[in-house]
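Everything below concerns the one structure shown next.
Going in written order, the chains are labelled A, B, C and D, and every chain counts its residues from 1.
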Amino acid sequence: MISASTAHIHVDEGGAPERIGGFKLLTVPTDDGKLTPELVDREAWGWGDEHRAQPLVVSITQSTELGTLYTAEEITALADHAHERGMKLHVDGARISNAAAALDLPLRAFTRDAGVDVLSFGGTKNGAMLGEAVVVLNPEASDGLIYSRKYNMQLSSKMRFVSAQLIALLEGDLWLRNARHSNAMAQRLRNAVEAGLADGSIRGVGFTQPTQANGVFATLPDGIADRLRESFRFYDWDASRNEVRWMCSFDTQESDVDAFVAELARLTTT
Amino acid sequence: MISASTAHIHVDEGGAPERIGGFKLLTVPTDDGKLTPELVDREAWGWGDEHRAQPLVVSITQSTELGTLYTAEEITALADHAHERGMKLHVDGARISNAAAALDLPLRAFTRDAGVDVLSFGGTKNGAMLGEAVVVLNPEASDGLIYSRKYNMQLSSKMRFVSAQLIALLEGDLWLRNARHSNAMAQRLRNAVEAGLADGSIRGVGFTQPTQANGVFATLPDGIADRLRESFRFYDWDASRNEVRWMCSFDTQESDVDAFVAELARLTTT
Amino acid sequence: MISASTAHIHVDEGGAPERIGGFKLLTVPTDDGKLTPELVDREAWGWGDEHRAQPLVVSITQSTELGTLYTAEEITALADHAHERGMKLHVDGARISNAAAALDLPLRAFTRDAGVDVLSFGGTKNGAMLGEAVVVLNPEASDGLIYSRKYNMQLSSKMRFVSAQLIALLEGDLWLRNARHSNAMAQRLRNAVEAGLADGSIRGVGFTQPTQANGVFATLPDGIADRLRESFRFYDWDASRNEVRWMCSFDTQESDVDAFVAELARLTTT
Amino acid sequence: MISASTAHIHVDEGGAPERIGGFKLLTVPTDDGKLTPELVDREAWGWGDEHRAQPLVVSITQSTELGTLYTAEEITALADHAHERGMKLHVDGARISNAAAALDLPLRAFTRDAGVDVLSFGGTKNGAMLGEAVVVLNPEASDGLIYSRKYNMQLSSKMRFVSAQLIALLEGDLWLRNARHSNAMAQRLRNAVEAGLADGSIRGVGFTQPTQANGVFATLPDGIADRLRESFRFYDWDASRNEVRWMCSFDTQESDVDAFVAELARLTTT
């Protein structure tokens, strides 16, 4: 399975894909968390060589772990590329609603219509208590799925309580409103910090990625991250260069963003 | 891992223990779903023989898949027996609250105090939307548990919603009231059918297990099970001998039981 | 995977089928180590039930772990039965040369022509240093085999040394001569013990299985097995009833058998 | 498990470590196939973080897949570094005899005495038909090894034929003579090509690694590799830059090397 080296399945699943799935992840470094056909080809080789784990799936994340977006055209190109080589395209859609909101496209425009074979549709990061749906867009890619759901211990005995949440999100536009809101909060944060840098009220902050969905990736002056965390929760992304990851959510309030920016200003100027 | 041949982990997990855990289940037939030290010894041998999967854990279910109960003394004997042979004792407690209610004992009397090493405490069958807790009573039996929870895909990202349900069950006596209620409904069902058999209003029904918790196991005349299922949901247990399994739950009403018995009477006498 | 409860894959592989293959073995007790369609049906059910490990393969051993034989007709019946239910038939042929010798049939008469899908052809027990061949008779049952051979660590880097042994066995009739010899030695042993029992020179020995290939299964008076093992190597089969397993090999000599019988006579009559 | 990205376990085992072992390989690019404590630290982090596969083992190859050598001091430094962080050090010693010959050191000087926990000692690449020995130098690192040998299908039923080969190699100095010979042949090859480049009889060949054991890594002019392979067998290493890998063996003759060099000269100058 080929993925970006920043993919959640590679860095944040405790080795489950290897240990439970038996997969070998073939990972490729990227600048922005996005694979391209050229990057895929760094690992997409060796079919028929019995000594090499066979590349059978390309897995991408939309929006990515770095807060960036694939366009519908980019996903189509990846799907075509994968299919030409006998591989399937999987999309980790933990934040796919954010992508739909940001791209201003219906979900199918950059999933089914783009050639995606299997999608994991995320509910948890968009307002649900818990619940993700594995959406099989290409039935040929779903052999034995009801059995693997069970033996992989993902079949709840009262699945209706998961379904109810997905219905609540999807029967109207709650999924989209939640996603638009979290994207807007990230944009508000980005804009406010940029404005602060411009007028000098904030100092020493840089950005490492564009803000295309609900995340802002920034570098901070030494020591600021920990002091900021005394009041707000967020993770380091790359501690070696003081890079942090600020994610906005369906329940982030404008006042939360404003308070955060104010504290950042205070800490970087005093 | 040694279990009864009726154990849920053997018959109803889609092969997950073998496929995901890598365990070999060494199963023993029983009359009533209960292991004894003697039954354990049928498979508890071969330590040090490199050709044999090593028996390291005895797993029992309380209350059992057949609606029967282990006494605290029986569990203690099994724990002692397992420990003497270098094995651990695991309790599948999907219905352990029913056992506590039926035994009229505190949970610890037949778990920690009896020598149980690891218990799975069931919330789902006792009123929760979903949620089971792996309770490590012997810390030496929990090596690497936070990692195996993750790579076995049992770590919810918003675990607080599972915890909240367990807190609701356990901070007062809701867990016990729910369990007592479902046990009482099973007893009401058993009593009513027995009374019907005695007075002739029900015919041809037999019982295959004592009703010690929230389940009634019965045999029915040919064809009755399917007709009864037109109005009520229940599973066959052993279709080859018309054996069915009637489970009562925290939300079973007295009126449900009474309607069920009335329909059973109607079907078996007309 | 359905097998007899005495199958080597169940009792003597250290749990490899479960741990490495991820298989759940569904085992059936037998009198003589042989499955029948009726015995298969005890576990061949539940297709489509997501809670049950799906039965996909029937595995038999020819000759069996109890020294008994399937006829070509019996294997055909099992293959037809398996195929009707969407299952494949695997034959563990660790001793298949002994079966061919005993049945006096070409190998294909009771493998390919009988409908066997995959056969493991044993070299090790028939004179090779090491070497078994997985023989795919039904190409549809071999999906991905060159890859699974590698990741299951069965691809030797100098496979030619394994092949050379199989060629030596199979290009002439060495495989058959070796097998006939070991079968004849087992028959000599059986005959000699029966004669000894008849004339009183041997006492208290019983037989638990017919001797159809290269093994003799016998019960001995208390204490005899261990005393006999002071001079000869053999295994207990069921120590609880003094049952032992005497296997003859390509390099067993007539004088070995005669000395063994003489010692057995001495031990059981003094 | 941390290894160089060129490690055989990463690139040439068909995904067995992941699929069968359940390991996640954390790989680090290197120039010469050798890890250093600094390179290890790129992946040696995250202990206690339940979301990250825990780094528990550092695996190095001696001599490396690039024909280079670790000194005893370098291995000691890696072992100390691993142990300080609670990790074990594994050495893939498929060509460890070549290393001993090249370093002119007893095996223990750069294994046991250097702090290696587990070593795989290679016989196959040094003259055996087949046979590698897992040598446990730190008994605490071998928990359950006799069982894992079996369920990982590495226990031959006639292991004596493997042992006999290792005894033949190790009871005298055959292991060392074989290794010295193959190293000498590689050096002869390297020297001859360098001489040819110097005197103009060979053109356009470069070297990408030092020749420290039995391998020569070279770059060739376009098209030469395939023409050379019409007469001699060798693998591409990195086809994208015409890099090839020439390995010498216990049975490589001086005349083989000389003929190879002559053909290389002919092909690169005509």
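By our rule, a residue touches a chain if its C-beta (ideal position, glycine included) is under 8 Å from a C-beta of that chain, and two chains touch if they have at least 3 such contacts.
Just so it is clear, the structure is predicted and the values come from calculations on it, not from any experiment.
Undergrad: Which chain has its C-alpha centroid at the greatest distance from the C-alpha centroid of chain A?
TA: Here the answer is chain C, farthest from chain A.
Undergrad: Using Cα averages as centroids, what's the distance between chain C and chain D in whole Å?
TA: Measuring from centre to centre gives 40 Å for this pair.
Undergrad: When the centre of a chain is set as the mean of its C-alpha atoms, what distance in Å lies between chain B and chain D?
TA: Centres of chain B and chain D (C-alpha means) sit 54 Å apart.
Undergrad: Quick check: what residues of chain B touch more than one other chain, meaning two or more?
TA: Touching at least two other chains: 13-15, 19-20, 50-51, 53, 147, 150-151.
Undergrad: In graph terms, nodes being chains and edges touches, is this line, ring, star, complete or other?
TA: complete
Undergrad: Would you pull the chain B residues touching chain A in the complex into a rising list?
TA: 13-16, 19-20, 124-125, 129-130, 147, 150-154, 156-158, 161-162
Undergrad: Once bound in the complex, which stretches of chain B touch chain C?
TA: 11-15, 18-20, 22-25, 50-53
Undergrad: Please name which positions on chain D make contact with chain B in the complex.
TA: The touching residues are 50-51, 53-54, 146-147, 149-151, 155.
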